[in-house]
Every structure is written in structure tokens, then in C-alpha cells.
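Quick heads-up: structures coming right below.
Both of the next two complexes hold chain A, though its partner changes from chain B to chain C.
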Partner chain A sequence: MGMSPALSPRPNPPGSHGPVNAAKAKPLVHLLNHKTVPSPSLTSAATTPGGPDEGLAEEMNDVVKNQFVFGARLGEGTYATVYRGHYREEPSKLVAIKKMKKNTEWQDGINLDSLREMKYLAELHHPYVINLIAVFTTKDENINLVLEHLPRGELQDIWKDKDIAYGGADVKAWSNMICQGVWWLHENFVLHRDIKSNNILIAADNSLKLADFGLARSFANPEAEMTYNVITRFYRPPELFLGSSHYGGCVDMWSVGCVIAELAVRDWFLPSETDLAHLGVITEVFGVPTESDWPGISKLRFWKEQLENTPAKRPQPLSWWRGRMPLIGDAGIDLVRGLLTMNPVKRLTAKQALEHHYWTAAPKPQKKENLPRKGGKEAEKAMGESLKRVGETEDDKMTKIARKLDFGAMR
Partner chain B sequence: MRLNEDDLYRQSTQYKHWSFTPSDLTRLRQKTNAHAATQVKLHIAQDRVERAKLATLDVASAPESGADTPNGNGAGTGANTPVPGGAGDKGGEVDCLTTEEENMVVDKFCETAMKLGDFLKLQPDVTATAIQFMRRFYLYNSPMTYDGTKISKTAFFLALKLELGTRAGSASDFASRLPKTSRDDIVAPEYTIVQALRFNFEVRHPFRGLKGVHLELEDMIRGNYAVAHDGRTPAELRGEALQALEVAEEEEAATKLGNIYAHTKDILTMAAQLTDAYFLYTPSQILLAAHLLASPALTTFYLATKIPSSSPASTKILSTLQSCADLLSSHRSYSKNPAQHKLAWADGDPPATKKAMKKLRGCKDPTTQDLVALNAGKKRDVVRDGTLEEGKAKRRKLNRETAEKENDAFWGPELKKEG
Partner chain C sequence: MSRVARAPGASTKRAVEDGGASHLSHSLRSLSIQHQSPSKPARAAADSASEICPVCKSSRYLNPNMRFLVNPECYHKMCESCVDRIFSHGPAPCPIAGCKKTLRKARFRMQTFEDLKVEREVDIRRRVAKAMNKEEADFETLRDYNDYLEEVEEITWNLILKIDVEQTERRLRRWEEAQKAELNPNAVRRSVDNGPDISTLSETSHVILKKGGTQRRVQGASLGNTPIPEDDTGFSFRGLKKRKAPEPEKAFDPTGGWSVEPLYYSVKEEYDHKFFAVKHEPKFYAFGYKAPEYYSHALRDAFGGLGVFLEDDRANEVIDFGTQAAAVAAGGGRDVEMNDVF
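Moving on, here comes the complex of A and B:
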């Protein structure tokens, strides 16, 4: 295959001095559970808490820190090192601790990806979103994110591993968990902006968990201008290639469509070599959109250069879809096509996706405990490896340089 | 699954970690104050001992004539360490701020921050987030420990990053827009701040809902609103809305509505930021309370389109809104007729605030004034010994510079800034 979905379009970490092509660490395991992070005891007598040199904030931090014990190192990236960890009181309860590296954060302080990840995960608690259990600093002022331990690797490993057999019921169960997780984000006015099968991790009970919130942002303010240079290429919707800078949950829903299609075909669904070529790949399947099926499209920033002179093309017929995705049946195909609707206004929202007849059509979604998965040891290794993944192609290097130079890029 | 806004709000860190009853809020502040006062007294005493030692050393090693040099209070030595009360430190009992005085000082810091945001022409969201970060920070830290000017610069940069993402610009860009500020000044206190913020960065601002309320009101005035719970027709709602605004025509209504919008927004971006409103009330309560101040009749009408005025909940809600409105209108920025220059009220300080600010000068913790040095990895050393370990600092600086050079070797040096 030899093709990679390209790195997320995010700039290099500010002040990163590491090897140029070292991969960004991946959030692994992740609810800022207020029960585990008690306020400094209001009830205790107001004497000096902590040591004589500690303030209340430090005291609070120490309470959190002392709940966890660091274990083996699982992986290391440009931004962070990830360790296995466990609760001090309950050693069998595992966590993953993501220790943010400080040197990469020097120029502009704590990097944006970490801030965003902490900001959004602290607000979002859902069975299908990675759980941020706590955050603390260690004395050298490294920030540590305590995340839930997700030992079964990534969703991508499942479809890539030809030794794992799965069927329509399994795809349905996975797809539904993804849609529920994304629905929750959107109800909370948060866009993920980097949904892809290797940002979806698998818990011990086979639940899927949306992870990596480094590109997430709020979309509560409809006037705010947002970047179109976001979402990993294979999963990026057409409106972003056309330069749309006002959008909502629809961008994530396109990515969800790509992930479900990927599970159905056990391969990349819309692979391409470059950003410029990708819109061509999309129109190959979905036809060339016109003002009549997408009113307003010709007003988008890059429409002239990207589409104006493209010869008309019809979308692939239903028979093409039936040929490619027998695994999910007509109902599944209808859902995927609803999610992969070119016009973002007509695309299914997360709520509409959850109301789709696919979920109630036969077969029933697989029970969680019966979902196929990688073996225990192998999968834990995969968790470590996913962190170390390095974008080493020349193409990636060039992209990174381009990003470094793209001062105006917004997110 | 049915979700309402209350359920969503109860998931937020603002609700879980930053909402208090008035008595909890007072107790937390008393605890912070008591703790800081102990530290301040301890550190000033240590500082005096240190100074006395240095003074003796100076005397001992000075040339013969030096023996006559008056060096009573040691103000001439160790000039790097801020001295409580400066040369005027008589070495007597340190008079620490009370909780009330701390509140006044923090309010003053926040007012200054608001002026800074105005001066830098930052979006209201950024300024409001920065101010709320400061208010949250000073629940767990005393202004005697951390200087408001320094904390505000970093709070602003943090708010910029969180609200604007990569458009926030770099720390050095931001520093260059501020007087006598380096990138280190911006970045150094960040860890101290994020720790006190408990790594919670989402602030739910009441003004974010204002536009929505007004879109609904506009619809009602045009007779296009049809979802009243009590079966009132759009035409009836239109009539009542016009009556609440005391106008007969839609055009007049639109002008009046515009004024109410602007007034509410002023209250939300000033008084709501500079009081404990965010700690004591929910965003929607603050929004409606501000609206109540701007137009009682219209707000009562609007509420009744959501909850029947006969419902017991309605009475309860109105009394909560009224108490929140009282808090907002108690702030000196509140005016019934918004002035042209919105921050004019902040030009002078009340006498009590002036007095507290003056008192603060005599009770600052000497170990936490140089935040850049504290951050340079010497935190504990500084705190414990009251002195800097220069060797360590130099080594770190060297490592940093080497790393930067290596980076530059690949990327080319950083672009020189113009001007």
C-alpha cells in the first residue's frame, strides 16, 4: 500500500529542537473527574497547608499528583512521553500518563495542542470520548495528563490487520459508537477537526474512544473565522479544500463518513498523493458539484482555481457502492452517502446520523463483548508504537517546512 | 437521550470547580489570605536576616573608610531582591492585607487589565477570559504573593492562545506590544497560572447568549415568533413586546432594542467581569440579570415566553436574577446611561482601594516577585534560600542557547522584527 493519510495539517511545535521528522506524540489514554480532584479542604482549619513554601494551588496539585504512580514508558514523541501508570491506592487500576515535554514549549509557553486537549477534554465526558482523569505538574513544571488506559490499539489496526475477520454487525457497532461520540462533541459545540481511524482508540471493553483533541475548537460563535487548513487530508471535506472558513459540525461528519467507509472496504477510502490532487479524488466518486446541487459553491475562495473549469462529472451510481461495500448493505451505504454529501448543508448531522435506519436494519449491531480485537500483548505494544509513529517520508518533511513558513495559518 | 442546557452546563468545569456559594467563596479567600500572610511574614523576616548578614559582610570587607558608612537597614545591598517597604522598611511588624483589602486589590488589577485589553484593542472575549483567569487565579493565590501586573500579562497571552489559536501570535510579538516587557515575562508565570486554574481553560461567558436572545426578540417584534408555551399567537406576542418597549412602531422598537442590546453588553463586559458574578451565578442568570437592568419590562416579558409567570419557578428565577442584578449594579462601572467613553469610571480609584494598593507595597512576598527567575528552574532554591543559584541558571541558559542554535542551523535564524 505504502500510502499514508498524510500528517494532520498542524504546524511544528514552537521551539521544537528535536529531530525534524519526529512524530508528534499521540494522546493515548484519557474526565477531569472532580471527585478525584478535591478543592483544598474548605473545612480544614485555616492553618498553613502543605509545606511552609507551598501555596494552596500547589497543595491541590500535590493531592492530585500523589494519587498516581508512574510505570513503564510506552512511547515518546516530539511533544510528550507516555507512561503506563496506576492509582496509588489501587495498583490494578491502570492509567496512561502523558508527560508534556517542556523544551518544545519554550518559545510561546505551553503549546496550543496541549492547551486545547486539556481545555476540551476537561469539559467533555462521554463513554466514547477519551477520558481525561486528571492533570498535574511535577516539580520541574512538566504538565502531566492522566488519561484512561486504552490497551487495544487503534481502530485503524483492526481493518489493516488481515488476520482479524469482521462482519457487517461489527462495523455497525463501531460506527454507532463513533457517531455517538461525535454527537456529544457537537452538542457541546466542540469540533474535533482531526477525526480519522488512528485517532480512534479501543478500550479494554472494546468501546471506541475519540482521541487527540489537539486541533479541536469551539464553534459556538458563528462569526468567528476558522482555518480551512485542518483535518488530515484523506478525511478532509470538499468545502475545506475550497477554502471555506465558516463551518460547523459538518466537517467532522465527512470524516466520520470516511472512517465508516474505510471499515467497510478495509482500505483507505479516498487516498490521494497531495492536497491539490485530493479534490479530484473526491469528484471522481461524487461528481463535480454545481451551483444547483450546492448553492453558493462558486463564491467559495478556491472555487475558481479548483473547480470552475473542471468538466462536468456525474457521481458514481448505487451499483458502484454496492460493489465496493457489500459489508454494510444498502442501509449502510445510504448512511455513508448521507455523511459524504458534498454540500455541507445537506450532509447528515450527528443527530441525523443517529436517527438513520441503518442502526435498526438487520443485522443488529454486534454486542460490545463480541467485537473482534487484537490480542492483549500485541495490542498494548501497538499503543506504545502508535505514540512513536514517525512521519519519515520526504514529502512529510517538505510539508512540515511549508507549515513552519506559513506564518499566517490559522487553526 | 434528551439533553437540556442545564445538563450540559453541569458537565462544565465552570460549574464543577468555579461555582461557589457566597460563604464558600469567603472561606476560600480567608484561607488563601491566612496562608499568604504567614508566608509573607516568614519570608520578610528571612529576608531581613539575609540583608543583615550581607550588610555585616559589606562592612567587614569594605575598605577602612567604609566602616563609617551608615548601612543600618541594608537597603543598599542585595538590590536584586525587592524590599518590602523599600528603603523605608523599618523592620517592624509586617502589616498584611486583609481579605477585604485583597479583594479591592484584585479588583483593581482586573480593572487595569480591562484597560489594557481596551488599549490593545483585543476582542471582548479575550479580555473577559483573561480577567476571569485572573479572578480564578487569585482565589488560590494572594496579591501579596503574585503581582497583578505580571500575572495579567500572562493571563492575557494564555487567553489569546485559547480564544484565537494560532492567530494569537507569538509571545514575543505580544511582549513587544506591552511596555517594558520581554518574552520571558510573558511565558515564565504560565505554569504557576495554569496550575492555579486547575488546568481548566473553558470560561462560559454570559454575553455569548445575548445575540440569541435578541434574535428571538426581533422575531417577536416582527410577529414571527410562534413557540410560546402558553398558546399566545405571534400577533399577541408582538403586541406585548411593543408594549414592553413602550413603542407603537416596529421601527422605533428596533432602535430601542438596539440600545438595550448595547447597554446589556456593556454590563456584561464590565460589571459582570469585575464582580463575583461568575463565581456566584450561571451564565444565563448573569445574562438575564444584565438584561433586567437594561430593560426590566422587556426582560420580564421575555422570561414569560419561556416560563409562565404563574409558575413557582418563575418567582424563584426572578428573585435570583434580582440578586444578581443588584450585584452587577453595585459596581461603579454600572450606569443607567452608558457614557461615550466606556472606561471613564476607571480613571480614579476609591480611597479605600488607593489605601489598599499603598499597603500592598509593604507586604509583598520577597521570594515570589521575580517570576522569571522563579521559572528558570530554580523555584525551590529561591524559595528555600532566598538566593539564586547562579551556576545552575547559567548552565540552563547555555543549554537553551545551544538548542536554539541547533534549531537555527536547520531552520535558519529567527526573522528579525521590524521597528
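Moving on, here comes the complex of A and C:
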């Protein structure tokens, strides 16, 4: 599965999805480069107005579009509506189709969110990152992203649903999947910038998938300024509140730490009412950073108004962490504290997080198939019970019938 | 198997035991679950013999709460109070005349079937079935499986008809141990260290009185002097698949097996270039921006395309589409000309 960076990130790393799938998703991109490829519908292409190239593009769009069938509407957000869909050829293979809404502010051209999502998802293929299967337009104006179908909801549902019981091994397995996904993004120099537990979706095989790349961007050049107004408040690191416009993968790692802590305490980890109040919530736990533990902090844009006059505060001791997160043990607390380090330079990187001793400490991470999941446990249990009952009566019947030896069948 | 249940020798033995009637058919005819206290007076009168304890001669008529118990060692029936009286102080010989079996109180139980021969046969079948628990999937062919079932039936009958009991019991025990060893090698190694497993021995071997020193010595000698070869599993069946031990679980890999290592370059910690002169500014050491991330990003971008040969990729694709086109052409026959147009 290892990939060389010297090779451009290939859309199909071995094992991430089947060849059939890939072959189906390809035509749009590759047909555009291969006008020599014959297509049964090309005869009509010449007759469409707007020149041969435009007609060809339309035809190719139709080829992709016709592979999928829209199904029921699953949900609607500010920027997009999500439908269930499936392959026309194989109705059992489900997909999710994200139909981007036309934005009134961006009359001309493509919506920035969908552009970001397409740009990065088209290149990133990893078991723990949502897979973009194809892109097509409908009525020449709506962009539709065909994504893999993830039926088990968001990670947030898991800790919010008090009927689901989970333990340290489960948290470890989930945390590891998140860290692997984020590592892959950072290894390919993509910042997600909106990691939170409801942007992490659960696939049918219980693996977690990083989704919603609407705020993603690639790592910036040294001189380029980035906006500090990203990442949902609860998951936003302190340097963004202080107005840092030059950051790296560390901002995502703070969010990862928040998500893991959230799983461990089964509650919001750093809840706050407003953006202004959030830095206070952070310092309540991690203390007020000073020049000695965060060199250069006073150069940050909002340091003067936010922190300069705050009375000094000590970070919470280890006993506080042990009291709040008994689920993940000392090794897990060490990882979470490493990820939630105030100073972004000292914060664990994704690679360091994967090398942490938490993963090798007891207990072993839960196997994927045994991870608890929403609704599934109860439903499965009930289903299992009913199936078992049927099976028992069948067996009882069988024991009453004398075994028949069919010697004739052996020749 | 040395002898088959249906061999002439066996049938004569059966005749002697049963007075000519076929053992099994007789048993089946009288197969009925015994009630704890027969309610029908007619029936009570009919089995009046069975209502008297053969040991103390007390009858149900005088003691309506009397219960009869049997011990699977010899299946001799006696009342509960006799059992209490004789066996409360430890193992003792069976009080029925002519039976010298040593019995323990703990193994006395209510009989399930009225006919004690059926009771015994069911016990034996249960024990053999517990040891011989292979399924059809464990054999190469159906024929092998059927042969196996046939042999199991022979073993059962040999035990029921008391043919070669010693030999069969010993082989059955070896087989059970071998099965256990296959399932869990560690457990068997432990039990070998601690001497023979007590629980399996007490299940199958006869109880030996503490005071019967000679008997014990004989048994000990027979156990000690004839070391059983390690590979003796008691029985061997043709076509029995060897059980595959499950693969040991692999150690957890936190990276999931993914790794990224540059092929054509290596990233240095520091680059001395005027473009990076700004690295001493706070935004590089305080804002969270890491110059090394930028270095490797830039190098990746620079070398990213190396080793990827579009021509090769395209060649492959053309073949792909070519075959697709050929398939289409075979179906429609129209696209061949289209090829020439482009």
C-alpha cells in the first residue's frame, strides 16, 4: 500500500477500491485527453452546437452521469443536498451524490467549496478518507459529486447516544483511524481545517472516513497568508484565536486531540458560547501561555487584547486528566495532551502521533468488525435473536428425522 | 477394530445375555420415560417386583416417598436410604451379590429410562458421541465420513455388548486426549507436567478403593510400565483432515501499513537560501508554520512527476479502450469507421 511521493499521487492506490469502480470513474478525465477514443454516441456530438470540443465534453459528462441513478434525499445543508444513489448497472452498489447548490454570491464559475472538495478528494485516496468516485454536472449548472456511501452516520452520534456503550479499546481504534487519515492528508500537504466529530463519517465496515473538504487547502508558501477564521470553534487551536496567519498541519492536530478527548469524556471537551470566550475556556485547562513556554507568542496579532493582561494560570495537573479520561489510560492521556499542546511548534505532528506508545499499550485496539455502532447493536441483537430462534426450531426438526445415507451419490 | 459388533461371536454373546431377543429391539419396545411415582395402580401392581429395594427389601407400600437410584458403574438399583447408609463414608463395593464394583455416592442418580439396558446404552452413546464428534466437513469425501460413522457405531456396540471393553476404553481415552491436544496444545503440556488429568480418568476409569492397595499397585504398574507412544491417537480415520491451527494475530500497526518515503531526494533539516531568511521571524517559530514542512512540500512538488510515464499509462489505456471499442464494434459494427475518422 505504500506510495512513493516521487510518483504523483495516483487516484487508485492498490486496495482502496476495486478496478471496476476505477474504470467507471475514469472516463470523464481521460476521455477528455483522448479524442481518438471511439464512442458509440460520438456521431451526435458533431451535431451539437458550440463546436466539437464542447459537444464532446457534454457527451462525456453524460456518459458519467448516466452511470448513476438518483435515489432518496438524505439531507440538505446550506451548500449542498445529499441524495442516495446507485450505479445503473449494479443497483446494489450504493453511492452518495452531493448536489452542490448554486451560490448567489458566486454567479460566475464554480462554488469555492465544491472546487476545494473536488480538487483534494480527486487526488487523495486512503481507506480513512472519503472517496470521490466521479463528478458530473446536471443541466449544465449544478455540480454533482459522487461520493462513497457511508450509511452509519457521524462519529458524534456514537458518543451522544447514551445507549451505545464503548470502552478504551474502541476509542483507541477510532483514534487511530482518525490519525491515519489526517497523516495521509498532511503527508500530501493538504490541510483539512475543519476536523470535528460530525465531519468524520462511519462506513459500513465501521471504519471512519474524514469528510467535508470544503475548507481544505494545501500547505502554504512561506509568504502566503492564510485566514485564521477557520475550524469550528470547539476544535479551533489557540494560535488561530490569536490571529496566526501562518500555520501548518498543527492546526488539524489540535482538532484531532479535541475529537479524541471528546470520545474519551463522552461530552464536548472544550465547549464555549462565543469565539471570544473560547480562549478563556482553553486557558482554564491548559493555563495561560507565556513567552517561556511559547516563544514569540507576544508577536501574535491578538495577543495584546486577548492574553496580555490575563492573570497567570497554571495548567491542570495530571490528576485532573486522569479523573476526566479514565477510558484511555495514562498513555492515551499523554497522546491527547501531546496533541493539545498550546505551542503549535511543540504539538505532536500526525506522524509523531502515529508513533506514540498509546497504540502499542494495553488494551489492543478493537477490531473493526467489533466496534460499536449506532442503532446497529440493538437492531442486530433483535435480528440475531429472531434468526436464532428460527434456526433452533429448524435444528430440532432435523434431529427427529433419521439420517439418510445415500450411498448411490458417492459414485 | 479387531471385532465387529455383528460378528458371530458377538451375536452369541448377545443371545446369552438377552435370552435370544435382540438387544436393541427389545430395548426399543420397552423404551419409555419412567415416571417418578407411577400413578396408575394397575401398573404399580404389574411392577411390584421393582417396588421393593433389592438391598434392604423395604417396599414402596410402606414408604411411599422411596426413590430408587442407580450408579452407571453397574446399574444396580437400590433405594435412596441404602445409598446414604452404605456410601456416605466413601467408596464401597456394590451390595448386590456377585457384583464387586466399587461405587461412589456422588455418581448415583435417578434413572431416566425404565429399562436399565436402555439407560446404559444411552449413557454409552452419549460418551462415545462426546469423544467422536467429527462432522462431514472434517473429511475429504462423503465416503470417508460414512466409514467414520460406521466405525463409531462399531465402537459403541462393542462397549454396549462388552466386547473388548478394556481395549476400546483405552483407545477412546487416547483419542480424547489427542483431540484435546490438537485443540489446545498448551493445556495438554500442562496436564502432562502435572501427571494424568484426574477429571478425565475419573470419568472413564473405575474407582479404586484406597484400601485396595494391591489393586492400586496393579493399576499403577499397568499405567507406568506401558508407556504409550506419543503419536498413538487411539484411532485413525482415512480422509480425516488435519485441523489447521488459527493464524496468530498480527501485532497492531498504527500506520495501517502505509508509508511515504521519497525515492529521488532526501530532505535536509536546513536550507541556506535567501528565500528562507525569514525563518527567524516569529511567524516561523511562533505561529505554527514549520519550514521543514515547506521544504518537503517544495521538493515533493519538484520531483512529483518523476517515475510516472504518461506514455506508458496512455498506452495501457488505449489498449483498455481498444478492447472496449472492439467489443462495441463486434456488437454494433459501426465504430470501426469512426476509428479512421480520427
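Definition applied: the second predicted complex is superposed on the first by the 312 of 411 C-alpha atoms of A that agree within 3 Å, B and C clash if a C-alpha of one lies under 4 Å from a C-alpha of the other, contacts with A are read in each partner's own complex, and residues count from 1 in each chain.
As a convention for this text, contacts are C-beta pairs under 8 Å (C-beta built on N, C-alpha and C of every residue); 3 or more make two chains touch, one makes a residue touch a chain.
Here the structure is a predicted model, which is why all the values come from computation and not from measurement.
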Touching partner for A:Lys119 - first (chain B), second (chain C), both, neither: first
Touched partner set for A:Asn221, first chain B, second chain C, both or neither: both
Partner chain(s) touched by A:Pro295 [first = chain B, second = chain C, both, neither]: second
First (chain B), second (chain C), both or neither touched by A:Val251: second
Which of chain B and chain C A:Glu187 touches, first, second, both or neither: both
First (chain B), second (chain C), both or neither touched by A:Val345: second
Chain B versus chain C as contact partner of A:Glu239, first or second or both or neither: second
Partner chain(s) touched by A:Cys179 [first = chain B, second = chain C, both, neither]: second
First (chain B), second (chain C), both or neither touched by A:Ala57: first
Contact residues of chain A, present in both the chain B and the chain C interface: 34, 37, 40, 42, 187, 220-221, 409-410
Complex contacts: residues of chain A adjacent to chain B: 11, 14-17, 20, 32, 34, 37, 39-40, 42, 46-49, 52-53, 55-58, 60-61, 103, 106-110, 112, 115-116, 118-120, 122-125, 135, 137, 139-141, 143, 187-188, 217, 220-221, 227, 404, 409-411
Contacting residues of chain C [partner chain A, same complex]: 141-143, 146, 252, 254-265, 275-276, 278-279, 282-291, 293-294, 297, 300, 303-308, 314, 317-318, 320-321, 325, 328, 332, 334-335, 338-339, 342
Chain A to chain C touching residues, read off their complex: 1-8, 23, 30, 33-38, 40, 42-43, 126-128, 176, 179-180, 183-184, 187, 189, 218-223, 237, 239, 244-251, 294-297, 299-300, 344-345, 347, 354-356, 359-360, 364-365, 405, 407, 409-410
Chain B residues touching chain A - in the complex, by the definition given at the top: 3, 8, 11-13, 16-17, 24, 27-28, 30-32, 34-36, 38-39, 42, 125, 140-141, 145, 154, 157-158, 161-162, 165-167, 170-172, 183, 186-187, 190-192, 194-196, 198-202, 208, 375, 377, 379-380, 383-384, 400, 403-404, 406-407, 410-411
